[in-house]
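Note that the chains take the letters A, B and C in the order they are written out, and that residue 1 is the start of every chain.
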Amino acid sequence: MTYKATKIVIITEKVIFDGVVKIIEELGASGYTAVSAGGKGSRGVRSSDRPGMMDVFGNVKIEVITATREMAEAIADAVAARYFEDYSGITYLEEVQILRPHKF
Amino acid sequence: MTYKATKIVIITEKVIFDGVVKIIEELGASGYTAVSAGGKGSRGVRSSDRPGMMDVFGNVKIEVITATREMAEAIADAVAARYFEDYSGITYLEEVQILRPHKF
Amino acid sequence: MTYKATKIVIITEKVIFDGVVKIIEELGASGYTAVSAGGKGSRGVRSSDRPGMMDVFGNVKIEVITATREMAEAIADAVAARYFEDYSGITYLEEVQILRPHKF
């Protein structure tokens, strides 16, 4: 038995990780998962070419499962408004089917 | 040319990684991918705030591509039954389109 | 306001990371995200059992958001043709909804 939920993915610079998490929590999400990432964006910002090399200039990929699409969009809008004039970032949504919603 | 498959994602505590992999393999999956993760769950369990800081208290995000949805659900059910009374975890499914199924 | 895009995921051996990125860039993608990964594939190639242990034998999960499905498939085909006779790898596509397309 599964039910549909929305996963929002935020890939941005690691230096603003704490601020992004604060927004996620303030907007009511019950949890998040964060993974250290490297990459290169459309503005030519390259960080941490070697993904195994973790450093303060690297990126972070943050995933949040939200019960409603509205919460997902609210988080994305707030993060973009607060940070994406000054920092690189992309956010996208995916539809997922949750199997174990209550234990994490 | 692509064909549909199911991806199961298991995000849980790193200390049970070996046991989760054992279940995945016993239930017939041909492979998995694991990424070190930090995060915070709905029970307030926070681990590895800084995703670049890998440690034994951190989380792991395990992805398994399965040929059938039944196998994906069997893995999720077995992991939950064995571990999720005692450890934090979430599992969800996503539909993906496989391009190179046979080489990994 | 969102629009649909295709995410291509390439999971392969870290030793060919630079070459895969070169293909991604040559085929016109504006960016990518890379995460260090461990795992085991269908050919029994196991690398970096402990996902927190980054090493040269590990895997990498590369994600690329492409504006068109054609670009996603072109990248996958080129990577497979160049590398997947000699290296382990899997590629798959997911449909995503982009919220912030222009800033990363």
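FYI, contacts are C-beta pairs under 8 Å (C-beta built on N, C-alpha and C of every residue); 3 or more make two chains touch, one makes a residue touch a chain.
All values derive from a computational prediction rather than experimental measurement.
K.L.:
Quick check of your reading of the touch definition: is the inter-chain graph here a line, ring, star, complete or other?
P.N.:
complete
K.L.:
Enter the angle, 0 to 180° in steps of 5, of the rotation superposing CA atoms of subunit A on those of subunit B.
P.N.:
That pair's rotation angle lands at 120 degrees.
K.L.:
Report the inter-chain centroid distance for subunit B and subunit C in whole angstrom, where each centroid is the mean of the CA atoms.
P.N.:
Computed from C-alpha means, the inter-chain centre distance equals 18 Å.
K.L.:
By the touch rule stated above, which residues of subunit A touch at least two different other chains?
P.N.:
Those would be 35-36, 94.
K.L.:
Give every residue of subunit A touching subunit C within the complex, in rising order.
P.N.:
Going through subunit A, the ones touching subunit C are 9, 11-12, 35-43, 45, 49-53, 59, 61, 73, 76-77, 80, 84, 88-94.
K.L.:
For a test of understanding, state which residues of subunit C touch subunit A in their complex under the given definition.
P.N.:
The touching residues are 2, 5, 7, 14, 17, 21, 25, 30-36, 54-55, 58, 60, 65, 94-104.
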